[in-house]
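Dropping the structure in here first, questions after.
Per-chain numbering from 1; labels A, B, C and D assigned in written order.
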Amino acid sequence: MCGSGRIGRVHAANIAAHPGVNLAWVADPVISSASEVAALYGARATGSTDDVFADTSLDAVVVCSPTPTHIDLIRAAVGRGVAVLCEKPIDLDIGRVRSCLADLAGSTAAVMMGFNRRFDPAFAAIRQRVQAGEIGRLEQLTITSRDPAPPPASYIAASGGIFRDMSIHDLDMARFFIPDVVEVTAHGANVSSDYIAEAGDFDSAAITLRGRNGELVSITNSRHSAYGYDQRLEAFGSQGMLRADNISPTTVRSFGTLAVEGADPYEPFFLERYAAAYRRELDAFVDAIHTGIPCSPGFEDGMAALILADAAAESASTGKTIAIEEVITHEGALRK
Amino acid sequence: MCGSGRIGRVHAANIAAHPGVNLAWVADPVISSASEVAALYGARATGSTDDVFADTSLDAVVVCSPTPTHIDLIRAAVGRGVAVLCEKPIDLDIGRVRSCLADLAGSTAAVMMGFNRRFDPAFAAIRQRVQAGEIGRLEQLTITSRDPAPPPASYIAASGGIFRDMSIHDLDMARFFIPDVVEVTAHGANVSSDYIAEAGDFDSAAITLRGRNGELVSITNSRHSAYGYDQRLEAFGSQGMLRADNISPTTVRSFGTLAVEGADPYEPFFLERYAAAYRRELDAFVDAIHTGIPCSPGFEDGMAALILADAAAESASTGKTIAIEEVITHEGALRK
Amino acid sequence: MCGSGRIGRVHAANIAAHPGVNLAWVADPVISSASEVAALYGARATGSTDDVFADTSLDAVVVCSPTPTHIDLIRAAVGRGVAVLCEKPIDLDIGRVRSCLADLAGSTAAVMMGFNRRFDPAFAAIRQRVQAGEIGRLEQLTITSRDPAPPPASYIAASGGIFRDMSIHDLDMARFFIPDVVEVTAHGANVSSDYIAEAGDFDSAAITLRGRNGELVSITNSRHSAYGYDQRLEAFGSQGMLRADNISPTTVRSFGTLAVEGADPYEPFFLERYAAAYRRELDAFVDAIHTGIPCSPGFEDGMAALILADAAAESASTGKTIAIEEVITHEGALRK
Amino acid sequence: MCGSGRIGRVHAANIAAHPGVNLAWVADPVISSASEVAALYGARATGSTDDVFADTSLDAVVVCSPTPTHIDLIRAAVGRGVAVLCEKPIDLDIGRVRSCLADLAGSTAAVMMGFNRRFDPAFAAIRQRVQAGEIGRLEQLTITSRDPAPPPASYIAASGGIFRDMSIHDLDMARFFIPDVVEVTAHGANVSSDYIAEAGDFDSAAITLRGRNGELVSITNSRHSAYGYDQRLEAFGSQGMLRADNISPTTVRSFGTLAVEGADPYEPFFLERYAAAYRRELDAFVDAIHTGIPCSPGFEDGMAALILADAAAESASTGKTIAIEEVITHEGALRK
């Protein structure tokens, strides 16, 4: 495992609890962090990923290190025939991503992107039910995604902006339902965090996507939410609608003089909200390795999401709708 | 109309708004109250019900005066062939009620009891769906009924006790679903209002009824409720369940740091909560008069509810289950 | 009253039920319809609005006739000092609307626009709470509005298109919260009704508005909805969120083998869903006449909504965000 | 571990996943079952519990064997100073339970009863909030508990009846909130399963408890539920109410032509519904062993629940309210 930050620790715990998988290495330049995590699960710690890749018994690597390291680690793993589960985004530079994709051609090593929300039980269930035809033809998709609190200025500075850092999850979720997006229109605003505005980034955003078959997707993003992590999705079709609401820790409702039926605040942030999703994501990765079935979401999905995020950023700065000329699939086919 | 208190005013407004019905008289010993209500709707006011019954053009009377006057007014109305809608209870003395029933024999005047909850759109819908077989055989019924705040000591003193005054509505609701109740077990407690305990009455109660076909009914009562008027019902059957929850003024939900999905406090009390029920009750009364179909709930239903309330009071004081030997129907048939 | 179609009948019933207001005339070129409605409430019927305006005892007129007649009737009423409550839209031609506004200058007759949703108890409560500061600074507004079924081709042909006919309600709702809208971006799609596409109109739409203070508004529209009339609103602010959900006829929930907690289908369409709103709208109109306080929403609000609808139509056809150069207020002030 | 049936397997998996605890033995007379479970988690299998207790390295044992074996296994464990987590009930014979309690006097081995529902996150949260005073004085408790489908006739025959087998969980839950119960009244009915009636048992029940301080508890039980496992609780107090509803697998809601806002069927049965509770129960057991704090619920709680269950059975057969003369606490104090 490369990286032992907060997501790295989630993956480490899930790997340790997964039957038939062993956590061999924890690599992190902050060796104290690597050692701490490694000790918890009986793995070896190192400050250098070279040690990891020198281990010829390695089957797979989970990459949760900072974004700029992702492509090098993917190349290293794939070059050695080691499967990779890489946290999003692949990179903030689409040119580097395209170059990496070209290099992966012909490789048989599994590469999976960590778009964890695809494995959320509720979102996955809706998608499965949509594909089973339960609501007929999908016409509109509404995604609400608000973080509980904005990240610090240092994070913002390296994030690539709200569209590449935060909306990218929602853009991937849109592609989960509607893989062929043909247009992106985005709006950003600054309403809550002065330091984000000063960094030239937005703290509020609204994105509209158009799918090849006329589907309209509305995404609402905010860098803060007073009532906790807000993660919802509505799929509207010709024969009905399916909706996933937020998750409270329990079903307890309170009834008092000021309000009734009040639920406890939602799960605070992604580590809690998507705990099940992270476990199911690992299951899917392990299954893909065992069965040889291509990983989903794969490298191409990571690239496609970045293309949409880049388009969103361009749209927000130009006030124009951006056409997406290519459609990215596992088979690598372009629209034209 | 006899009585111009808070329920009287609800009925007066509904009569005035009902197409094809005119409010002719408002009678109340408090003549200022009668005059006030009469003036609102263009009716005549009087301090004596004699004036009302002397009006030979009268078709129907709504009785919302104090309980001790009910039987005399029913007799007066029926004796003149005038239809009656009488607020519950008929009387607190079952002997007087039986005697009145005997006197009504042979009369063709419509007599309807004001068990308004039968006309609540939600409860009525559940009963209709239960009767249509939607949940199969009805096995269990759960009724929760809590008033927002206890009445004053003066009211308690004349109320006949919690079972005859408050639970009687729930006992009638039970009979609405399960007309043939064979056993009553009741428990009372004193947990919130000292003056109610001092009056020898309870402020908290739990009642269990058994129906002829093994149905079990659980009723929970409280004289207070910090979160407003609590009026719920669950019907559980062999093939499913139907539930009616409380009603908030709007569908607005609030999301904050302390709680999410909180609704506004429920409708404060019966005048608001059952506003639609009162209107529909009047509709049913007018329809019964026009069509000649027997009123439902009728006098016998009022008597049956009082029999159950008496049994509940007896059970609560003796610690024994009370068998109900008779079953009261419109046809007057007894079980034995 | 001018017009006796389905909305006209709602207004007629509300006028008849309103204390202190009399329905004097029902005018409709379909004289049989006018007579039918007039007979219900003891009013006079006519095929010509001239008869109505010849009645010098007239205080106010409600205009629910076809859109092309609105401006002439407003002029006629205002010219005689008669108050007007006019159904939306004022007209489909912004030039005619501007011309009418110029003519109204100096008039003291009350003119109110029938944006009934402003009077919906839930939406009005949210707006009042937002203005009271409950959720802090308003940052994002999400409006979902889906009709149960598309109107016939004949209606579509004269409707002015989905933005001017349907979205205009949502654009006004956005202005109810955020009066100063500076940008409009809209997307239309054809996914459900071929005859709407053939008429050159859309059956699905997504609109994004930007307010002067960076507020982002997302509107989702569809001409059909398998689960009934879908009318929801979310106001998101710095300190929380307020949400209004759809309204089921009762609180009854069903529990079965296939699903649990299912509510009955929502109110079928606007006549039922907004029944309370229509009553409150009439109350507000009558109050405005009595108090002399300017009507809200007024003529200028009708014009502002049309300006936004025109911008939405332009944006949808050009793929560009449309800047709104003027801000319309009761005082007639322009932004620039 | 003694017993490798369905609950045994839940405990085995939880023990295996628990950091710092090792599953050493799986004992089951059905040796193939013991072996199967043992193999999963690297434990040793045996057909005889003697082998288990001969292992002097044993710290604790989890007893999930048939009820008649419980007391002997508790004695065996405690006699060797081995901690015990024993599934409910201790025994169906209160005399044997009392005798066992006497024998345990002076022992320091931890004994914990498997009333798993106390560890349900929702129920535990409500109890914690009630104890923190959030709803003031607790006045009424409502527990609904319906199994999805009745057990087979063979199970019924050995179950001790619905009160000792099924209601005992709810009686313990009542004691979790109101330890000092002074009266039990119970009603049973036969409405759904002929073979249960033929066995002299009930398939439907309603129980009312009275607490020392006037609290009233209403318990509703059914051996079947068409919409899945129904496990709810309401705590009503002087200042509000807290309610725990059932749990659906996800938050997904469906909106269609027949119903809206429908959730997926609830978790099918206790293994799924209480999965978190079983994990937390094991955590509490391990913590109690490590800290030496008395287990809760302890042996005395198991005995107290059985006393209430016996009283319920007696009440249901005699039609009388049964007084509970003793109050059982960890300190063994009797009421008198």
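Quick note on the criterion: a residue touches a chain if its C-beta (ideal position, glycine included) is under 8 Å from a C-beta of that chain, and two chains touch if they have at least 3 such contacts.
These numbers come from a predicted model, not from an experiment.
> Going by the touch criterion at the top, tell me which pair is linked by more C-beta contacts: B-D or C-D.
Top pair by contacting C-beta pairs is B-D.
> Which chain maximises the distance between its CA centroid and that of chain A?
B
> For chain B and chain D, let me know how many angstrom lie between their CA-based centres, rounded off.
Centre-to-centre distance between chain B and chain D: 41 Å.
> CA centre of chain C versus CA centre of chain D: separation in Å?
58
> Could you list which residues of chain C touch at least two other chains?
Residues 226-227, 239-241, 246, 254-257, 264 of chain C each touch two or more of the other chains.
> Which residues, counting only chain C, touch chain B once they are in their complex?
Touching chain B: residues 17, 121-122, 125-126, 129, 134, 239-247, 249-257, 264 of chain C.
> Of all residues in chain B, which touch chain D in the complex?
135-137, 139-140, 142, 144, 146, 183, 185, 187, 189-192, 204-206, 208, 210, 213-218, 220, 222, 224-227, 230, 236-241, 319-321
> Which chain C residues qualify as touching chain D in the complex?
Contact set of chain C toward chain D: 226-228, 246, 248, 254-266.
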